[in-house]
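Next up: the structures, one after another.
There are two complexes below, and they share chain A, which is joined by chain B in the first and by chain C in the second.
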Partner chain A sequence: MSLLPCGGSLQAAPALAGNAGLLGQTLDADGVRAVLLGKKITLGGVRVVIAMARTGNAQNAFLQSHIGMTTSQFQNHWRRLFMTGGGTAPKIFETETDARKFAAETPGAIVITDSANATGLAILSAN
Partner chain B sequence: MLLTALCFTLIALGVAGITVVSRKYSRQGTRQTQTLTGEFLPGLMTLARLQDATLNLKSLNYQFALARDEAAMSEQRRAFHATTEQVTRGVAQLKVLAQDEPTQHLIADFAVDVQSYCRHAEKFQAELSAGEFEKAMASLDQQVSPAQKRIETQLEALDDRYFRLSDAAGTRTTTVLAQSNRFGLLATIALTGFTLFCLSVTLAAIRALLAQVERRDAERQAAQNTLEKRVEERTEELAASLSVLDATLNSTADGILATDFSGRVVCQNAKFVAMWGIPAEMMKRGDAIEMAAFVASGVKDSDQFLQRIEELYANRGEATFDVIELVDGRIFERYIQPQFAGEERTGMVVNFRDITERKRSEAELEGTHRRLLEISRQAGMAEVATSVLHNVGNVLNSVNISCSVVADKVRKSRIGSVAKTASLLREHAHDLGAFFTSDPTGLKLPDFLGKLAGLLSKEQADVLQELQLLGQNIEHINDIVAMQQNYARVSGVAEIIDVVDLVEDSLRMNAGALTRHEVQPTREYGEVPPITVEKHKVLQILVNLIRNAKYACDESGRDDKRLTVQVTGDNEGVRIAIVDNGVGIPAENLTRIFSHGFTTRKDGHGFGLHSAVLAAHEMGGRLTARSPGVGAGATFTLELPITPPREGAKLTATHAEFAIL
Partner chain C sequence: MLRFWSMRKLAEITIHHPLRRQPLSRLAVGCISACIAGMLALPAEAADGSSLTDSIQRIWKEATTSIQFGGFVSQGFLANTGHNDYLGNTSQGSFDFREYGVNASYALGQWRFGMQVFGQKLGTYGDDKLEIDWATVDYQPSQWFGLRGGRVKMPRGLYNEALDLDSVRPFVLLPQSVYDARLRDFNAAFDGGMIFGNVGLKKYGSLDYRVFYGRIPIAADSGASDYFNNDYPSKSLEMKMDSVRGGTLFWNTPLTGLRAGYSYSAFQNLRSTREASVPLGPPSMPEVVVVGTKSTPLYNRHLFSLEYSTGPWVFAAEAGREQATYHITGNGLDLADLNFRSYSFYFSVARRINPWLEVGAYYSYSRDTESLIGMTPVQIGKQPALTQADLALSARFDITPNLIFKLEGHYMDGAGKIFDTVNDPQPVAERDPVWFLFAAKLTYSF
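Presenting the complex of A and B:
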């Protein structure tokens, strides 16, 4: 896993990024799946907080490719999980930028974003 | 039967009463049941559905939260909305059913809470849909769950209230039904018992009625037999009666004709045919009109006779009587009597009686009567004369006594003492002075002369009084004679007099006799008005009554001979009662004491009281006698009017009238 500086010139691709505090944490496909589906709720001893935009192409593509869900399905999954006490519900933001900003500022927060935009975040898993 | 009718009437009244009371219970039960089934049970059911729906809402809300995907969420949302509408309808239905205000308040509060819950739930769902899980969670914790709690609380309150109301209504219904059942049972038992009693009474009454019918049937049969026997007997009696009637018709001295109003002769007797000389052929035809025309030819006033027959037919035989004079001098009386069949006049019976001989006898009797009247008047005059002589004799007794008294007083007069005194004075004429001053006789002479003068004066007064009484008696004799003349004229001269004065005069006229026979007169005079009367008649009566009372007292032989004269009166008249305590009058004599010639004294004439009662009646008064019996005295009362009766109204006294007084 690598910490990409903001505005890096990496090829754009959806990736799961996290707060800089998670730097060094690497998630494989199962790990991503476990984290996104709420089965793994800590990373590096810190409770995971998922930040998401209300919609977004990269987000859709990442979720589809890793857990086979659309954003809406993902939210429904987490709604049911949240309503049954299965985990802390993801934070939903209007834009991906807002979600990234929250992830950058919140320890344990992760966000799906285009890797090209993951400036200041730690890339945990790429598509 | 009356008892049976009464019993069944009571049964009917009992049934009616039970029906009324049962209806009342039924109405009460129906009301309670309607309340229970129409309000509380639907309310409870609606409430149960509401509880179910609200639970469903809660469930749907959670199912929405747990929906797998958007489609499921949409489905759950639709279901939530549908359930919300169901709850709203249920609330509306509860509002309609609720009758009491507290329940309506509870329902209104519940409706508000339901709306609040739905609003919060929808917000929660929207937040969940938007992925705002924390907001949704906050809404769930802070709004949805409290709203849900309030709904449940409201539902519990409503449920509790409905259960309490239902329980109360059910208890009331049960109570009413129990009362109704108890009443029905008791009433049925009572009515059944009474009905059985009535049936027993009815059966007994029917048996009695049957027995009575049988008895009456037997009686009716017996009565019918008796009646048939009576009819046979009556038929025989009727035949005998007809025979008697026929014999009677033909044996009577009167001519009898019976006709109906169609002018047919019903029957007649032989005397009728003979009286009118009706031909046999005419009798056979039996035409009453033809007979009337025939007999009218023998009547003096034939037109009036026929007119009268027409009137009789027109008036349908009204009961009348008239007299018919025939041209041959005979006189017939005609009596007409209507004949009835029930209340309807069917004809008339005419009775002719030949009264020719009777009329002649009546004419002779009238002449005889007139002669008898004249003779009676003459006899009456003789009676009056006898009465006058009797009264004159009575007064003459007083005159005789007065003369004897005067003669006796004159014989015993002290006038001889005057002559002796004169002789003595003549003897002492030469020495009168010495005689009067020294002679013992002369000394006593002045006193003697004084006493003598007093005695002579008294003698003179006594003689004068007796002479005055004598003069009154003589005047009374004159009055009696004059009264006799009045009797002869039948009328007298009435004058206004004071009754008490008249009574005093009569006592005075008998004063000597009363004194001699030691009869003590007592006077009890009341205030009476003056009366207009022939005073000598009254005087004659009173003198007679006082004299009789004196005799009665004298004959009793008692020492206390009392005669009381009472005078009372008013505006109608006066009453003078002569009461004595003499020998009295036996009851059998009271009825004839006023009859002419009746007397109980040896020397009596039996005319005094008779003439007195005659005089009383002539003056419009009356004289009555009362006595408790022999030895108990008697009371004679003379009643006189204030004014004499009119001349025409004066009673004409006869012996028969006085005999019964």
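Presenting the complex of A and C:
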């Protein structure tokens, strides 16, 4: 996998992207599921931090196709873990842009985004 | 005899029930210390030679941005027709139904530290005293293996770890046949350790496992104490166990949203010391005060679970069995042996209608039997089997993303699950066999 220099030439599709420090990490469907559901907590030895927008089309589509949850159900899943001592909840941002910015600046951070907008992020798994 | 009414007031936050003078366990103290140590494990010295103040400021900023906080506060109302008092003084209508908690957690690499302080009132239980609900240190070096120690939420079935989380379901009351709200202080957590993990099975899905060992402190005036002493109206003086052990195994099937699991837990040497007034003969004869014990070498619990989430729908079903053989003594004499059996099941469905409305329904059933083994000089053990069937309909209104309101109606059939205590005598013969229970709850979470 490689860092995407810019998104303009790519076909838009929801993807799981991560901080540039995760370059070289790839996730198959089981891996994506394990990371998003909090069963796998590190990638490349770094603690995973999930960044999410409150809502978003790419995010909804990716969650539905990979773990069969809506964004709301996904947040409930994490709330159950977080409130019972079972995990560290995703960071929630108002917009996908803010979530991407956080992922770009934070080691171990991952974000679901349109691959065309994943400039500066490492693509871990495409839809 | 334990004279708990003469104890001096305990500190505001206790790890055990406030009426019992019990210090923080060594495990809990260790856990809290580890939390603090973990938070201080941030870089304490700047590599570029900046001042100590700069380092402290950086650590503070890192800590305040990395520590996650969460919490909730809820207030409910319960009322039922007839004169059964079920979850508190519900025959008169009761606002003694609330929960609140605040937690913080911090993760660093493969480590995570967290703690929640919790309070509740459900009828006479809880009494709005703050307790440490959970306080854990996690070390998870791989997906398939992790360790958790401290005061740990007890894994059991689909929802036992999330008993208080109103925000993740439409129901005010979880199906009481499996998740009896009065047993919360007993069922919610244990002091000890757990190993856990997720094992991938390729095209067959994955397995989540948890195995735990520890102990559960039980307050003499808790719902759990009333539950175990429900064979005869008595005043519980002390209740304890040697250990709790068990585990869960859940199969996340290849069909997205479908999981099935089995939970087992066992309490070793569960025993209660209690005081009761026992008639010497016919009603005209005086009563004698008897101090005795009720104990079992092993109390077993099994629970099978199934859940399917698809789109806006969530279907769930669980069925369980509990079993124990009790030995009962009074004033040093062997009085009786009892066989206790409990069967329970429920199935539920919930559907999200739109962003502000979710509805749900369930049917829940339990059947408890306590039968004498041999003969006894006193009348102990409820006969015949007591059942409770509960058909519930719920509506949840999401007023804001943080504020929800729920309404729920229950059609109750059966005289089971009612406590007959010294303070609130409810002999089986005087209970309403059919009744309606209404519940409402407002919850704010953050």
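Here, the second predicted complex is superposed on the first by the 125 of 127 C-alpha atoms of A that agree within 3 Å, B and C clash if a C-alpha of one lies under 4 Å from a C-alpha of the other, contacts with A are read in each partner's own complex, and residues count from 1 in each chain.
By definition in this document, a contact is a pair of C-beta atoms (placed from the backbone, for glycine too) under 8 Å apart; a residue touches a chain by one contact, two chains touch by 3 or more.
A quick note: this is a predicted structure, and the numbers were derived from the prediction, not measured.
Novice: Do chain B and chain C fit side by side on chain A in the superposed arrangement, or is it a clash?
Specialist: With chain A as the common anchor, chain B and chain C collide in the superposed model.
Novice: Which chain makes contact with more of the residues of chain A, chain B or else chain C?
Specialist: Touching more of chain A: C.
Novice: One more residue to check, A:Asp30. First (chain B), second (chain C), both or neither?
Specialist: It touches chain C, and chain B stays clear.
Novice: Could you tell me if A:Thr97 is touching chain B, chain C, both of them or neither one (first, second, both, neither)?
Specialist: neither
Novice: Check the residue A:Ile41 against both partner chains and state whether it touches chain B (first), chain C (second), both, or neither.
Specialist: After superposing on A, A:Ile41 lies in contact with chain C but is clear of chain B.
Novice: After superposition on the shared chain, which partner residues are touched by A:Met83: those of chain B (first), chain C (second), both, or neither?
Specialist: So A:Met83 meets both chain B and chain C here.
Novice: In the superposed arrangement, does A:Gln73 touch chain B (first), chain C (second), both or neither?
Specialist: Both partners, chain B and chain C.
Novice: Of the two partner chains, chain B (first) and chain C (second), which one does A:Asn57 touch, if any: first, second, both, or neither?
Specialist: Touch status of A:Asn57: no partner.
Novice: Which residues would you name on chain A as touching chain B in one complex and chain C in the other?
Specialist: Touching chain B in the first complex and chain C in the second, residues 72-73, 76, 79-80, 82-84, 89 of chain A appear in both lists.
Novice: Would you mind writing out the residues of chain C in touch with chain A in their complex?
Specialist: Checking each residue of chain C against chain A gives 68, 70, 72, 101, 103, 105, 107-110, 112, 114, 116, 134-136, 138, 140, 143, 148, 152-153, 161-162, 164-165, 167-168, 198, 200, 202, 206, 208, 256-257, 309-310, 312, 352, 355, 445.
Novice: Enumerate the contact residues on chain A facing chain C in the complex.
Specialist: 30, 34, 39-42, 45-47, 67-70, 72-73, 76, 79-80, 82-89
Novice: Touching residues of chain B toward chain A in the complex: what are they?
Specialist: Per the stated touch rule, the residues are 62, 65-70, 73, 128, 130-134, 137.
Novice: Sort out for me which residues of chain A touch chain B in the complex.
Specialist: Residue list for chain A touching chain B: 52, 54, 72-73, 75-76, 78-80, 82-84, 89-90, 92.
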